[in-house]
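What follows are several structures.
After this come two complexes, each holding chain A, first together with chain B and then together with chain C.
And now, the complex of A and B:
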C-alpha cells in the first residue's frame, strides 16, 4: 500500500472511502503503466479487512503475490485465510483455447464468468483488466453489458468495483465512455509528454464524481510520480528530487 | 500455491535446483536465460525471464530479426535446452543447419596492455568500456560466417513444426487452425515432466527450459493483415502467455509490424511481455550520422514479471552493428567530428568586421 497515494487521494482508512467504481486508466504507452495501482488497492482493502476477489486476465497469481510482498502485504496468507480469492482466468484460457474448435468467443463465456462472480461473496471486486476482453475478440456490447451487470452487483453488495483500462482502448470507444460515466473515481497514469525519464515516471491525476450529489466533480491536481521497487513517490510537478 | 515464474533459491545448493543455462536476476528474483546476444542481455537486465514472451518487431526485410532468432536458438543449443520452431519452411532442419558457430573465448580476451611507464597507476584498472561491451558472464559469442556442426546440436531435444503440411493444394487453412496446432504441439512438449515448473523443489528432477521460436508470425504467409486476424493472433498470444507462465519456457516471436496499423501493433504489444523494434539502414538512405550502425533498436516494452517496475537500461537510444563475431548493441552517439583541415582554409572563415582586410572588401562607400 502506498501511503503517499492515500494522502494524494485524500483518505486514510476505507471507512472514508465511499467509492463505487474505481477506474484506473493509462494515458498512453510508457514503460510504467497503470497496473501498479492495482497492487495498492489489493493491499489497501485487505489491510482494512474487506473480502477481495481478483479476476485476473493479465497475469498469473504469483505475480500478484510477489508484487504484494514488495509493498508489504502477504497475499498467500490472505488467500489461505479466505480474505482474498483469485479467479485465474489466464490459466484457464489456455485450456479454453485448445478445446475450442471455432475461434469465436461468444458471450456465454462472459455470462458464465458473471454467474461465477455472483455466486462468490465479496466486498471488493478487482478486474485486471477489462480492456483485455476486447482484445481477445469479445463483442464490445457484451463487454459493456458484463460491466454493467457487475456494477449493479457490486452496488447490491455495498462494495466496490475496480478495473483497469489499458491505453489500447480508443478514447472514442463505447467501452471507454461507459467506464468514464460509471466511475466515481478515475485515476489516470500518464507518461511525460517529452518522453521517458528515469526520475519522473509520469503524471498522476484523479477525478472524483459524486453520484449522490448529481454530477459534482472534484478534480485533484495532477502530480508527478516516481515508482521504485517498493514505494511510490508523489510530488508536485517540477519538484522531483532529481531537479531540486 | 504453485510457483510458476520459477525463482531460484539463493544459497549454495540448499534446496535450490539448478537448471542449466539459467541464472538468477540481480534486480529481482527471476530466473533468466541468455538471449544469445550478450549486449541485448545487458539491455534487458541480465537476459530473458523464464516464462515470458518477447516480440521482435521486424525490420523491413526481416534480415536482422532472422539473425536474432538464429542467435537465440544457437544459445539454446549451447545451454542444452529443448528447442521448438514452428515455421513454414519445408525443411525445418535447414534453420538448424544455419545456426552460427560459437566463438571460443580465447580469441576475445585481449591481452593486457604492456607495462605502462608513465601511467602506471592505471595499469590494474580495466579499460573504459561501455557496460554493453563487457565480456558476457553467461552468454556466448557466435561467428555468423560459420555454421554449427551437426554434432553440436544433435544432443539437443529439437522439435520443429512444419505448418506447410497442414495446407493442401485445394483448401486454405485458416490462421486460427494453424495457431491452434502450434499451441497444441507446444503444450505437449511443455507437459513433459522436465519442463513443468515444480510445485516442490526436488533435487532429483532434472529440469530444462523450452526455447520456442516462431518466425514471422502475422506475415502474409500466415494470414492477411485484417483486424479480425489481429484479434485471432492476440488470442493465440494470450494463451501462449498462459502456457509460458505455467511451464519453464521462453518464447521469441518475430512479427512484421510494418504491415499493421499502429493501433493493431499496440494490441499485439499488450499481449507480449517484452517488445523491441528493429529498424535497419539501407546503404543509400542512411544518415551519415549513423555510419557505424547497421540499424536502430527501439525498446517498446520491457519485461515486468514479478515486480512493480521493469528494469530500465542505462540508455534508451540504442543502435546495433553486426560484426563477424558479435552482434553489438551500442548506445547511439554521434561519430567524432573529424573536420578536414583543408576545407577550413578556403577563405570562408568568419573574420571580424574590424579587420583591416575586410574593411576594404565589405564596406563600400
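And now, the complex of A and C:
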C-alpha cells in the first residue's frame, strides 16, 4: 500500500471514501501505466477489512499475487481466508466468454457475468480492464450496459467499483465518455511531456466530481511521482530530490 | 429569462437543459420539477438516478404530483424489473398505460444516454416528436449531457425544442446559463445569465455580460486546494509583508539608465549656442543680395 497516495487523495481510512466509482487511467506515453494504482487499492481495501472481488482480464492471478507481495500484501493468504476473490476472466475467456455456442449472444454472456458477480459477496469490485471486453468481441453498447448494471449493483451494496482504462482506448469513444461521466473520482497517470526521466516518472492527477456543487463540479489536484519497486514517492511539480 | 421559464411566465412546450462534465444540470432539472409539481402532475422518467435518491434530493417538496418511472435500476430486464427500455418502448404509451393518467401533464426526463445506447437516435427523435405533439402534454423538460451524446443528436434534439438552456462554467464557482428561446412567431432570443441555485431549489439569475476583449483579463486565482510548491521544503522561500514592500520600492539600475537615454533622445538634433561678448550677431541673412 502506498501511504503517500492516500495522503494525496485525502484518505486515511476507507470511512473517508465517498466515491462509488473510481476510474484509473493512464494518459500515455506507454512507458508509464496505471496498474500500480490497482495493486494499491487492492491492498488498501483488504487492509481495511473489506471484501474485494477482482475480475481480471489483463493479467493472470499469479501476477497480482507477486505484485501484491512487493507492496507488503499477502494476497494468497487473503484468497485462502476468503477476503479476496479473483474471477479469472482472462483464463476462461476462450471457453466461456468468447461464446463458442453460436446461439448465445455476446450480451447474454455479459448478463451471465453480471449475475455471477451479483451473487458474490463484496464491498469493492475491481475490473482490470473493462475496455478489453471490446477486444474480446463484445459490442460497445453491451459493455456500457454492463458497466451501468455494475454501477447500480455497487451502489446497492454500498460499495465501490474500480476500473482501469488504458491510453489505447479512444477518448472520443462512448465507453470512455460513459466512464468519465459515472466516475466520482478519476486518477490519471501520465508520463512527462519531455520524455523519460530517471527521477520523475510522471504526473499524477486526481479529479473529484462533486455534483452537489453545481458550478464547480470537478476539482483537480496534480503532482509528480516516482515509482520504485516497493514505494511511490509523490511530490509537488519541480521539487524532486534530484532537482533540489 | 430563466426565471420566466421557471415561473411559467413563458411556457415553451419543450425545454432542453444541456450540461457537461464541468457543470451539472441536475439541480436545475430538479428546480423545474419542484416548481411544476406544485400545480400539475409530473411524469418523471429516471434513467440516471435511483428513484429513492431523486425523491430524497427533492426534500420537502410535495411528492403527490410526481409519478416516477424507474429506468435506472433494471432498464434491460436483467433482474426481472418492471420498467425496461424494450424495443417497443415509447414515452407517450408508457404514460397512457399508467393508471393515474390525467388530462394535462408535464414530462421530465433526466437523461437520454441509456436510451441512445439501446435504440437508434432517430427513434428517440420520433418518440420526442410524438410526445411533443400530444395535446395533453403541457410541457416536456429534458436533461441532456453534451459530453455523452453525439453533437449531431444534440443538435437534432435542440432543433425540436422551444427553449434550450446551455450551462457553462467560465470560472470557478460561476455558473452561466445561455438561454435560447424560440418565440411562436419564429423570432429567436438569446440571453446570458449567471445563476445560483440554493439548497431549496430557489434559483436566482442576473445578467452576465460576455468578457470584453479590450479590457484586461482578471487574473484567475489558483484553486485553493492545490498545495503550494514551496510548502514542503526545508528552507524558506516565502517573503514577509515588509520584505514585499521593500522589494516594491527598489529601483532597478537599468531603469535609471533607460530614463537617461530617453532624456538624451529628446534633446538630440538641437544645437544651443550661447553668444560670447565679442560676437556680433546679425539677424540679417548675408546671402540675401545674391540673385540666382
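Everything below uses one rule, namely that the second predicted complex is superposed on the first by the 225 of 244 C-alpha atoms of A that agree within 3 Å, B and C clash if a C-alpha of one lies under 4 Å from a C-alpha of the other, contacts with A are read in each partner's own complex, and residues count from 1 in each chain.
By our rule, contacts are C-beta pairs under 8 Å (C-beta built on N, C-alpha and C of every residue); 3 or more make two chains touch, one makes a residue touch a chain.
Predicted, not measured: the structure shown is a model, and the values here were computed from it.
Student: Under the superposition described at the top, does placing chain B and chain C together on chain A give a clash or a fit?
Tutor: They fit: once the shared chain is superposed, the two partners occupy separate space.
Student: Please indicate which partner A:177 is in contact with in the superposed arrangement: first for chain B, second for chain C, both, or neither.
Tutor: After superposing on A, A:177 lies in contact with chain C but is clear of chain B.
Student: Which partner does A:241 contact after superposing on A: first (chain B), second (chain C), both, neither?
Tutor: It touches nothing on chain B or chain C.
Student: Touch test for A:219: chain B only (first), chain C only (second), both, or neither?
Tutor: The second partner, chain C, only.
Student: One more residue to check, A:60. First (chain B), second (chain C), both or neither?
Tutor: In the superposition, A:60 touches chain B alone.
Student: Rounding to a multiple of 10°, what is the angle at chain A's Cα centre between the Cα centres of chain B and chain C in the superposition?
Tutor: 120
Student: Just chain B (first), just chain C (second), both, or neither: which does A:121 touch?
Tutor: neither
Student: Determine, under the contact definition given at the top, whether A:7 touches first (chain B), second (chain C), both, or neither.
Tutor: neither
Student: With the two structures placed on a shared chain A, what shortest C-alpha distance in Å links chain B and chain C?
Tutor: Minimum over all C-alpha pairs: 21 Å.
Student: Take the contacts of chain A with chain B and those with chain C, and give the residues found in both.
Tutor: The answer is that chain A has no such residue.
Student: What part of chain A is in contact with chain C in the complex they form?
Tutor: Contacts found on chain A: 111, 114-115, 118, 141, 144-145, 148-149, 152, 155, 174, 177-178, 180-181, 209, 211, 213-223, 235-239, 244.
Student: Taking the complex as given, what residues does chain C use to touch chain A?
Tutor: For this pair, the touching residues of chain C are 21-24, 26-28, 50, 72-76, 78-79, 113-114, 117-118, 145, 147-148, 169, 172-175, 197, 223, 225-229, 231-233.
Student: Okay, in this complex, where on chain B does chain A touch?
Tutor: The contact residues of chain B facing chain A are 1-5, 28-29, 174, 176, 180, 183-184, 187, 231-232, 234-236, 238-239, 241-243, 245-246, 263, 266-267, 269-271, 299-302, 305-310, 312, 316.
Student: Going by the contact rule set out above, which residues of chain A touch chain B in the complex?
Tutor: 29, 31-32, 36, 39, 59-63, 65-67, 70-71, 76, 79, 90-94, 96-98, 103, 105, 132, 135-137, 166-168, 170, 196, 198, 227-230
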